[in-house]
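Just so it is clear, A, B, C and D label the chains in written order, and each chain counts residues from 1 on its own.
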Amino acid sequence: MFEPANFATENDNPREACGVLGISAPGEDVARMAFFGLFALQHRGQEAAGIAVSDGHTVRMHKETGLVSMVFTPESLAPLKGKFAIGHTRYSTTGSSSLRNAQPFLIETLLGPLAAAHNGNLVNIAELRQELLQRGTGLSSSTDSEVITMMLAGAVGATWPERIQNVMPRWQGAYSLVLLTRDGVYAVRDPWGFRPLSVGRLPAGGYVAASEWGALHTLGCVDIHEVEPGEIIAVGEKGLESIQGMAPAPKLALCTFEHIYFSRPDNVWDGQNIHLVRQRLGEELARESKVEADVVIPMPDSSIPAAIGYARVSGIPYNDGFIKNRYIGRTFIQPTDSLRKQGVALKFNVLPENVRDKRVVVIDDSIVRGNTSGPLVRMLKEAGAKEIHLCITCPPIRHACYMGVDMGLEADLIANRLGVEEMAARFGCDSLSFLSLEGMMKAIGRKSGYCNACFTGAYPFPVDLEHTKTGFEKAIS
Amino acid sequence: MFEPANFATENDNPREACGVLGISAPGEDVARMAFFGLFALQHRGQEAAGIAVSDGHTVRMHKETGLVSMVFTPESLAPLKGKFAIGHTRYSTTGSSSLRNAQPFLIETLLGPLAAAHNGNLVNIAELRQELLQRGTGLSSSTDSEVITMMLAGAVGATWPERIQNVMPRWQGAYSLVLLTRDGVYAVRDPWGFRPLSVGRLPAGGYVAASEWGALHTLGCVDIHEVEPGEIIAVGEKGLESIQGMAPAPKLALCTFEHIYFSRPDNVWDGQNIHLVRQRLGEELARESKVEADVVIPMPDSSIPAAIGYARVSGIPYNDGFIKNRYIGRTFIQPTDSLRKQGVALKFNVLPENVRDKRVVVIDDSIVRGNTSGPLVRMLKEAGAKEIHLCITCPPIRHACYMGVDMGLEADLIANRLGVEEMAARFGCDSLSFLSLEGMMKAIGRKSGYCNACFTGAYPFPVDLEHTKTGFEKAIS
Amino acid sequence: MFEPANFATENDNPREACGVLGISAPGEDVARMAFFGLFALQHRGQEAAGIAVSDGHTVRMHKETGLVSMVFTPESLAPLKGKFAIGHTRYSTTGSSSLRNAQPFLIETLLGPLAAAHNGNLVNIAELRQELLQRGTGLSSSTDSEVITMMLAGAVGATWPERIQNVMPRWQGAYSLVLLTRDGVYAVRDPWGFRPLSVGRLPAGGYVAASEWGALHTLGCVDIHEVEPGEIIAVGEKGLESIQGMAPAPKLALCTFEHIYFSRPDNVWDGQNIHLVRQRLGEELARESKVEADVVIPMPDSSIPAAIGYARVSGIPYNDGFIKNRYIGRTFIQPTDSLRKQGVALKFNVLPENVRDKRVVVIDDSIVRGNTSGPLVRMLKEAGAKEIHLCITCPPIRHACYMGVDMGLEADLIANRLGVEEMAARFGCDSLSFLSLEGMMKAIGRKSGYCNACFTGAYPFPVDLEHTKTGFEKAIS
Amino acid sequence: MFEPANFATENDNPREACGVLGISAPGEDVARMAFFGLFALQHRGQEAAGIAVSDGHTVRMHKETGLVSMVFTPESLAPLKGKFAIGHTRYSTTGSSSLRNAQPFLIETLLGPLAAAHNGNLVNIAELRQELLQRGTGLSSSTDSEVITMMLAGAVGATWPERIQNVMPRWQGAYSLVLLTRDGVYAVRDPWGFRPLSVGRLPAGGYVAASEWGALHTLGCVDIHEVEPGEIIAVGEKGLESIQGMAPAPKLALCTFEHIYFSRPDNVWDGQNIHLVRQRLGEELARESKVEADVVIPMPDSSIPAAIGYARVSGIPYNDGFIKNRYIGRTFIQPTDSLRKQGVALKFNVLPENVRDKRVVVIDDSIVRGNTSGPLVRMLKEAGAKEIHLCITCPPIRHACYMGVDMGLEADLIANRLGVEEMAARFGCDSLSFLSLEGMMKAIGRKSGYCNACFTGAYPFPVDLEHTKTGFEKAIS
């Protein structure tokens, strides 16, 4: 239940791969702008960061493992002069291959330089790789971005937009993509609309595309709107052009988890402010769960709006119950046995005054592996909480995601193995409630258009599980 | 008003020097315990960290600039074997001397090894240094810890407790101090009680002293209580012993700012839970300010409890208004001119939906230099807020601190130069309220016993401003 | 004449790109062996190093900028488990692209993983790149190794040897190449034989290929012989196989500069021991130059054997005259103006006792840009030398090399701009002699079979100067 | 015999602690000069380097572990503005304490800042430390430099020269010392004259003191002479002043090993050029050893002049036999078992052509632990040498050094345990000769005035072995 190996950085959140950013701003220091924009996308990937810049002739790139603030120094930014830029923050795997898989991925092609940065996952990647290998193109990484650039390098079409249009139908899965060429930036969103991608205008001239509105606001953008499913937005010297890459899928499949957990609260997703959606998730949860309690506390930070909403509807007072240590970083130092025995989580401490002798509702966004809920319940008990009612702002996660979110394999998912009662018993809480699918969609304010496969197993299109990314054999590492 | 040079890491908080920690736990891996304890004190100093360990014979030490998670690796911890440990997190000055001023400070003495780590500031340090120099002891750093160890090395007394008792009367100012000797740890708090220091018992045997309760809880301590002003707590093989170092000062002088800002909300200071005090600070502020508004928003994270309290008393709904970028790190990369002109703060983004067309109360903990309030007000205005009422949970800070808090010189303090109305005009807000001294003390629940010199200029004892730390000439750097 | 900007690491040698190494030794720790082998090839490239290892299934790689001893740590070597390995040391260009151009280059292909490490230069690289781009294969670096792997990935042939045979005729230029596949290592030498490559047998089983014999001796190899021009040596589980890749060129074109400067003295090149050839170069020089002098001194370290030879034939006593600072490393710190005015070279100091009041013959291997000869002559003069006779063990270098040696552009070569007398006047020496082409070949013991294009301009095949590497436009950087 | 643990960096040389440097050059960039001067002292210590600079008011310092070229960057040099500087290169012990023991050591004193850098060893250091501890001065390192500065800080005397004079009689042992004060630099040499220290004049004004002449030449010094035993040289705004610190010892005790091994060949020691002395050592050895052989080869690099001298007298031709890998760096990577079994040394390769079927005289400077001679003999045998005659340019080393040279404990010295015949058998060579003490002194050209205690055990004064540095208990580490 409690996995001490990850003690110091313990969490139980799904992980997503990547934030992306594209800038067209001739006359500005686009690399510096990209740097500051990536700061606001840091929460979408802390493992590696990269920026590629075109000066209209040559594309130069710097990428490295580490936080944005560590990867970029005045020295590493200095050579990145140009008019157009793309950037990327990556939630990467570990190990020596991590730098090789950092993005953007940059190649020279017959049409000149091409760089790509990508958020999402192509489910037919094994097939696409095989096609590239068959036509004699070797692959040096395991990123979708390399496959995307190599397919575009060999695509039919005299211009990049034509090539993108010709290749898009081959990409099955989630992709919010930025492409950098000699002459501008393309922002491309898959026809299902899995992952977010928005574009804004710079008052002084130019355009920015980014995974989230926070990055666009940081750069001072106005007239912000979301890139449409299947749309290609081209920005360059001539301004902004919208091109239909593909018709939107008949059934859109936006990722619900952007609402639940991934996006920063200031993002807009599917036309809705995330912070408000999260408050409504808490409100719906209060309507459904009907727990009697003395205090509502959030798991900081993502569940704070939901807890505020829950408190509002339930009438139970809102208060803080956990303190989050904001300086927890990566460490390879393991706790001593006595620390392990106590099962104390370093990431959170309890505010005993706020829970002692109280019936406590704890709002959390999701349960994935279930490895932190037990210790947190125990901490509250030891601080004197009388009852603990764990309320989750989404349904149980029972299925793996193949669209770019790392929730682990199905066998890793606690709700795939245990029922709600069993989970409650495992965690030691007095009750455990999950928001219903209907309640969740009601809070989101939509009846359809979302991918809820992690809850339902109903993927938006058939997924050949044997050939998904984890399935294909690694020849290089 | 807005200082773009610090754009990326802009803040306007007072800075405090240091968290301290001491452990006696023979049979445990005390270095590893110290490492995890320092994690929970990271907010008290992010510039350097160090641990010294005694195995009953030799004291070994590792200290470096950087976060706790960066300073300590399995390799750097490995040699630190022992029974007793002290640790330190430092809010240091910049420059090449920073490592030299990292703590603990470790020396060999006639009584064996002695290491010290210290939170506070001795106001008579120039005089004490002069005495040491006069007796022929050279000084290699500008830390109080070195002076403290050197004074103890030369003190009268056959045992460490005797020496500490003999030397304490010479130390004028704030000191919450941990000392490591061959045979144990001493935790010492000055007779005025300026800075926090608490001690707890390890259920498996042993004791821990630390600046805050969060560190003690992280290590699983029970029976936690604050070290008394003037008290020396000795922990070692024989258990815990309380020794009166000095009689408590007739007028105690606890630092109010631990309540306002420094301590983590889960700390206990002067017997009171910080989180509850902060809620009451918001409540008092609501009683005093009587603003009419539509929403109360906190400046995250420190003002959240106060905003909750304010909302409760005022009846104005609480909501989030700012999103804090939690990944802001040190960077030497400056924003572009266009970013500067927009005056956008990277550290915070606004949630426009929650403030648009609203009369907004913003709760903030304090105003020191006043360099961030203007930009934040502007961000809210640009997001559509109708009125902005800035409410501060303490009185105007008009005087420098000489007891270990870096608020800058008096000339740096905006409230030293401008009246409240002028400040409001400078920031562009519709009203600006500060909690009164009386209201603040009411929220704290005490009538006296605190140092409020930064508000009132009434220092607990005469401070010879010419010879305070910033005054004495630096011979080495 | 004297370029102070490179003061600290001043030298005037041609630079060569790379040492290569391949190992087949199932049952051994091939990564560790490769590490120790690369140590002995460090003089062929100090900018980057890399090792790729195959375990019969997956190929893993680690490469980085820096010396071999810095690039590889126990941690970075640990994952490189396997039976077969290749390694590389690189004399790279500077800048952010240096890591991207580090070798080996590793890709996945239809036949499994393929890694390449390469010493030399393909003169038709622009054309080969264009062909790859035309068939839709993007290129992510400017290395020949990437082109080589991509061509092999798309080549006709069911097996690697077939593919290599099919592709070799397309490679125009110098290549001593090691290839790593799932099942073994291929060592390939171009049909002109430009660069060295030898192979030896491990007494305990297995084979090693390497640029120089020193690496083979370090690994304990026996039965060492040179790979023939045009030959492919395959080593794997089944032992060693020799395959004719191409017929040797009718006119071989071995690089004379391996004798003059590149190879370590313990290498064997064209069947001859380099140290002995260098002694003979000095002997021939003595026969030709006929200077009357009191002492012969070498420029350490490469000219020591030639100076010994010169002394032997001329009867003039050999002695040391310069002390070389062996710890000179890369530094970005520039000398002060006064140091500059003195024109003192940090890399060498004079032994005044050995030159004072003497007529001195200085033996040096070559003059490329001519930027160090002047200061060295001046140092000897200031130390009291009566006459200085500079004797060079090769003819004047008047033409650029396109076969993998970086001598700069023709305009950079001092002998391309100035005659011998003018150079002597520029350097301030009393005489300047170059070994004649005939004398040089006599010392080498061959009449033909060598590329002497840098002296004569007669390239072994027509070189399209416009499309050589420095000529093609850089799309990515 | 062969210790594989040190395989990669195997050597068998005595180690010395430190090169020192002092500069007075108001108006120049003294830090930069110190940097370039330390380059030329790098061979005296590769573990740490430091520079301290006085601007007439404040002393600033930077020191770190690593080579001079790594420790100093434009950034770390920039703050070191001033008129006077001292610098240090250190041959340090390993481990976490290495930075703490780096030099210079800098303190503030009643007379202002004082920094010291030191080459040598005080044999009564335990007693001196005890005195400092007794007067209440704690010690934070195990360096003699700290003790020296602390003693001067507490010494009687109104001026630094007076204090130095008052304290010098207390320092028993070897010290070539540079001291930096607010107003200048003092260079101090012990009355026995154990270690070298010379001073030169800068033509543009100012003075430099340094361990060796190479550093003085690198900085362009003229009028160079050695500091006399017992002399204090003061340099500052007023120029150079010579002060008698102490009368020279009646029996001087210059370290013979500066001639044998430590100094660079361009140094002058005791008025004699090292390179010439080493040639004479070889000549004497030839006169004594009378081996019949076909070739004389040196162990590079230190034995090259001796081998030249040996060849000259014996008439046996000189040639190179070993190639030294100049890029060997520190590595923690251990060789594989097969590499170990072969006993191949990475640091040296043989030139088989020069030794095959020959009777070979190998000239080496000294045998300390005897751990490399065996493998080297084996390498020559395997390369086909018919006979191997090992000739050493000094007598057997049978006693430890307490004057600053790390030769290990007596038990580590092979000549302390084995006779010459036994050593020869152990190494597998056909004969082993050591230069006699008389022959060595004859080559040096002196009859007395040298410390030969490592050969004879006759220390220049009684050494209390129990209280030498390795003897006193470490309280801090």
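Criterion: contacts are C-beta pairs under 8 Å (C-beta built on N, C-alpha and C of every residue); 3 or more make two chains touch, one makes a residue touch a chain.
Computed from a predicted model, the values in this text were never measured in an experiment.
Engineer: Compute the centre of every chain as the mean of its C-alpha atoms, then state which one is farthest from the centre of subunit D.
Structural biologist: The chain lying farthest from subunit D is A.
Engineer: Just give me the whole-number Å value for how far the CA centre of subunit A lies from that of subunit B.
Structural biologist: Going by mean C-alpha positions, subunit A sits 35 Å from subunit B.
Engineer: Report the inter-centroid distance (CA atoms only) between subunit B and subunit C in whole Å.
Structural biologist: Chain centroid spacing, subunit B to subunit C, equals 59 Å.
Engineer: Rounded to a whole Å, what is the gap between the Cα centroids of subunit B and subunit D?
Structural biologist: 48
Engineer: Got the subunit C residues that touch at least 2 other chains?
Structural biologist: none
Engineer: All pairs of touching chains, please: list them by chain label.
Structural biologist: A-B, A-C, B-D, C-D
Engineer: Spell out the part of subunit C that touches subunit A in their complex, as residue ranges.
Structural biologist: Answer in residue numbers: 58-62, 76, 79, 95-96, 105-110, 112-114, 129, 133-140, 149-150, 153-155, 182, 474-477.
Engineer: Under the definition above, what is the set of subunit D residues touching subunit C in their complex?
Structural biologist: Those residues of subunit D that touch subunit C are 8, 28-29, 32-33, 35-36, 39-40, 42-43, 46, 67-70, 72-74, 77, 202, 204, 214, 217-220, 264-266, 273, 275-276, 301, 304-305, 308, 318-320, 323, 325-336, 338-339, 342, 344, 346, 349-354.
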